[in-house]
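Next up, some structures in structure tokens.
Same chain, two partners: subunit A is paired with subunit B first, then with subunit C.
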Partner chain A sequence: MNWINAIAQGLLLGGLYALFACGLSLLFGVVGIINLAHGDLAVLGGYVAVAILPSVHTNALWALLFVPPIFGAFGYVSQRTLLQRSLENGPLTTLLVTFGLSVVLQNALLEGFSADSHSLSIGKLATQALRINSQLSISYLRLGILVVAVVVLAGVQLLLARTSVGRQIRAVADDNEAAAISGVNTRHITGIATGIAFVTVAIAGLANGMYSQFTPTSGSSLLLFAFEAVIIGGLGSLWGTLAGGCVLGLAGTIGAQIDSTMGTLIPHLVFLAVLAVRPSGFFPARAPA
Partner chain B sequence: MSTQPESAATPLLVAEGLTVLHGQLAALRDVSISVNAGEIFAVVGANGAGKSTLLRTLAGLHRPASGVVRVDGVDITHQPTDQRVRQGVVLVPEGRRLFPSMTIEENLLVGAANGRRGEWNVERVYDLFSWMRDRRREKTSHLSGGEQQVVAIGRALVANPRVLLLDEISLGLAPVIVQRIYQTLPSIAGGDMAVLVVEQDVTQAMRVAARFQCLLEGRTTLAGRPQDHTTEEIEAAYFGFGTGLGSAVAS
Partner chain C sequence: MTQAPVAPAAPVATVRIRRSTRTSRWALGPTAIILIVLGYLPYGTGQGTTTMLVDFFILLTLGVTWNMLAGYAGLVSVGQQAYIGIGAYGVLWLAQHGVEPFLALPIAAVACAVLAVPISFLVFRLRGGYFAIGTWVVAEVLSLLTIRDSALGGGTGTNVPGLGGFDPVVLGAYTYWAALGVAVLSLVGSYVLLRTRVGLALTAVRDDETAARNVGVRVSHAKRIVYLAAAVGAGGAGALLAISQLNVEAHNVYGVQWSAYMIFVVLIGGIGTLEGPILGTIVFFVLQRTLASQGAWYLIIVGSVAVVMAVWVRKGLWGIAERFGLRLFPTGYHVTDSTR
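Then we have the complex of A and B:
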């Protein structure tokens, strides 16, 4: 592993982090929910694929066709039932509710799938790589995840910026009551926003399952990286989230290059450093409230 | 209770016996109001008289403890705010409440997205306020108070209201700006649209309104046509002295 390779792998890993962080950023920036069950939902996405895939296809890429839509509907329904009610009780309640959801999900998955690790098989693609030279080769899977992350972030950004639904989502985020008097069905729109966030969570969960193994409890560490990517990038800024993910990824691989035991520690230190120096992140979308 | 000088006109917006509670406090007590199509109607009153509560109740932001709100005969008392917009009841709220992260055009597009279809659209708002067209890509948080107020009115207009509720549109604006906004009201209200104006600034409201109603401590103290009442009568109803009406409310 040389330096160029470390940088390339770090950026690629950043794609996965950014993909995770996208849904978290969206849900916090738009709906105002700090979703502590985010990582567990991603893991759940992986298990939904594990459960359904055998009857569909052997290649886990097919899961991308059905898991994200299921999660979209799931997101909409959970917003309209559970999350909306907790939101009306204030931010502390949503924290507790999503924390509770996290515990419930972890234990339900332990019950249903045991503590054994699973992974999603994508056949030969998992091991194939683009060989640039003897020092540097880029895994198609990692490259694919980065591309998917960019496409998802760009798609969400475009949707928010250019479509009528996107404008209504931003209107609700700006001022819920003003949106209502402008005719926006705020609960429906918030449900759609949550649905979109859940779709991105599902994609992230599947990507994670193809990239590495997962267990019912691996959600917590995923949540941590997603949080850090969002904070480093700046709350509410989707491109900032991508940058935040890449910073974390780079910190991990470069840290491992310096000392192989530091790979997991350095990203968190970088996060703390950013939090100390620039608490609103690099690209805050709006003034911190 | 409101009198009906033009008996031929059919009331478009009718509220009967509205009582609204803010916790233990009654913000409105048994207030009735009736506004005709094509009419500019003013609700005046001092701070805390319940004017904004009345408008917010009509828009669906407060639930009345008792009373009925009807538009064109349809009971909308239990409809949420966004459904009332589709019925044609649109509020321009106190403090303008634009979407600060969005441009002028985006604010208008949000207003148009769920409104009724009709003669008003974003282009027509630009025709009426031509400065807006050139600055449509500007964030509304960068606009002056008067400009924001006009955009807020535009955002309501593109929903093609049948009843336009204007809450304190003069608040915090220079008198000359207020005058200019009020001058455009008749051209907006022309046709079948009913405009319900809430104002602390009585003179301004009386100048444009065909009929008015004065609130004091949540009750109607005077109603009628501006020309039928002397300034003293209106002042007495506004502040609650002289006529004994105010002391009756206070007791």
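Then we have the complex of A and C:
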């Protein structure tokens, strides 16, 4: 791998990180939940595809049709039942509950699918690449993931800014009680926001499954990268999150270029450096999202 | 203006303000007896019991110190395994350099506090849940840095030198006493800390952080002290882990499963009480022993119980006991009628 290639791959990897970070950021910004089970939910999305795909179609791209809607419904229901209850107990409780869920999910997947790694097969597309020159080739899959990330981020942005549901979601995020007084069904709206966040988690989980292998325990590192992308980009800014994801992706591939064992360490160190120097991130939202 | 005549002193009930409750005074005797029995145990029972109790004391120390962080200072850390790892590797490194492992234990624990100072300035920039994940990142970084050092065994771990010279029975007894000491110190330390100014500041913060700041409570200072104290506790537990398992392996000591155990112990027992983690450790330990053969099911069950506790039984098992007026470690004051 040469330097230009490392940079290109890093930017593409940033798309995947941003896709993960989108749901985390949304859930915290709107619902006020830091979801410690975020990464495990994404992995769960991959396993749902593994379980259902054989009966539908062999190409994993089909999973994009049914896993995100399932997750959307799952998100709505879990918000209306468990998460709402824990929110009423205060922010501490949601942390503990989502961490508990994370452990339960990991071990349930371990019990159901063993510790073996799985991946989602997308046929020939996985190996095809756009060959720019002899040193630089861009895989269609990675490019596709970056495009999906941009589309998802733009879609969420548009939904929040332009639609009636989006307006209600922002109202609830700003002031729950005032929104309720103005006639917003706050619980329903929070449920919808959680559902949307879960849809993005499912898409991210599927993209990750096509991109690399996953095991029941790979959720933790996904959560850490998503979180770092959010902080580097600046809280509450969706496009900042994309930039944060790209910074992490670049740090990973360039770090691996310097020393192949540094691929995971360097992004974490970059994050800690940003936290030390610029704790509000590079593109903090001026007004709350 | 003439002064209003002073009213004759009305007969008021004499009240006394005290910390201790009847149960806490009554509990002193049995506590002393339990401690003496526990201290004498290596002479009376086999190695199986003491080895099991070492694991128990490690878990208890972790639960008690995590409870200080989350239950009193409001700092939900998912990264205490950073200090477990540093404590364990601290003992390993010191032992490799000729320090007696049992002497290395307190040194490693104190080293954790020293390391926690710069880390606290970094992670305290994050609030609430972001603090939780930030501490996790720090633990991950320390783990990745540790396994880069091949002298410390790299990713596969290595044995702690300096323990081979002991007779196995003597080593078991020493390890047991060290574990008992660490657990008792963490309990007593938490209790004393909560009765100082720091404890008072934490109570104010817990009730209303903004108001506490406004009346001049040094909020960050109080939180930092608790963070450092918890680092010492986790470091001591990690050092014990290294000594009792005779070897150190990064994936084990830096594993996030330790955070899961701490959280479950505290949630089941009752967060924000000193008695809760003790009860929680006993329950968790029994669950762990009985469900060990079930593989992953045991964590599924324990995790679900903890989630249910967090949402519906917020004060845990000890909260249920407290409804009947039980209190073993009184940290606050209450008013009683001394004529009774």
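Criterion: the second predicted complex is superposed on the first by the 285 of 289 C-alpha atoms of A that agree within 3 Å, B and C clash if a C-alpha of one lies under 4 Å from a C-alpha of the other, contacts with A are read in each partner's own complex, and residues count from 1 in each chain.
Keep in mind that, in the parts below, contacts are C-beta pairs under 8 Å (C-beta built on N, C-alpha and C of every residue); 3 or more make two chains touch, one makes a residue touch a chain.
Bear in mind the structure is a predicted one, so any value in this text is a computation, not a measurement.
Undergrad: Tell me the contact category for A:L64 with respect to subunit B and subunit C: first, second, both or neither.
TA: The answer is neither, since A:L64 touches no partner chain.
Undergrad: Of the two partner chains, subunit B (first) and subunit C (second), which one does A:L125 touch, if any: first, second, both, or neither?
TA: Neither subunit B nor subunit C is touched by A:L125.
Undergrad: I'd like to know which partner A:F28 touches here: subunit B for first, subunit C for second, both or neither.
TA: second
Undergrad: Of the two partner chains, subunit B (first) and subunit C (second), which one does A:L143 touch, if any: first, second, both, or neither?
TA: neither
Undergrad: Could you tell me if A:N89 is touching subunit B, subunit C, both of them or neither one (first, second, both, neither)?
TA: second
Undergrad: Between subunit B (first) and subunit C (second), which does A:I181 come into contact with in this model arrangement: first, second, both, or neither?
TA: A:I181 sits against subunit B, while subunit C stays out of touch.
Undergrad: Counting only touches as set out at the top, which of subunit B and subunit C does A:I52 meet: first, second, both, neither?
TA: neither
Undergrad: Let me test your reading of the model: by the given contact rule, A:R170 touches which partner, first (subunit B), second (subunit C), both or neither?
TA: first
Undergrad: Over in the complex, which subunit C residues touch subunit A? Could you list them?
TA: Listed in rising order, the residues are 70, 74, 76, 78, 122, 125-126, 128-130, 132-134, 136-138, 140-141, 144-145, 148, 256, 259-260, 263-264, 267, 295-297, 299-300, 302-304, 306-307, 310-312, 314.
Undergrad: Give every residue of subunit A touching subunit B within the complex, in rising order.
TA: Where subunit A meets subunit B, its residues are 164, 167-168, 170-171, 173-175, 177-186, 285-286.
Undergrad: Over in the complex, which subunit B residues touch subunit A? Could you list them?
TA: Touch residues, subunit B against subunit A: 59-61, 80-82, 85-86, 90-91, 93, 97-102, 106, 109-111, 113-115, 155-156, 159.
Undergrad: Across the complex, what residues on subunit A touch subunit C?
TA: Answer in residue numbers: 28, 33-34, 36, 82, 85-86, 89, 91-97, 99-101, 103-104, 106-108, 110-111, 220-221, 223-224, 227-228, 231, 261, 264-265, 268-269, 271-272, 275-276, 279.
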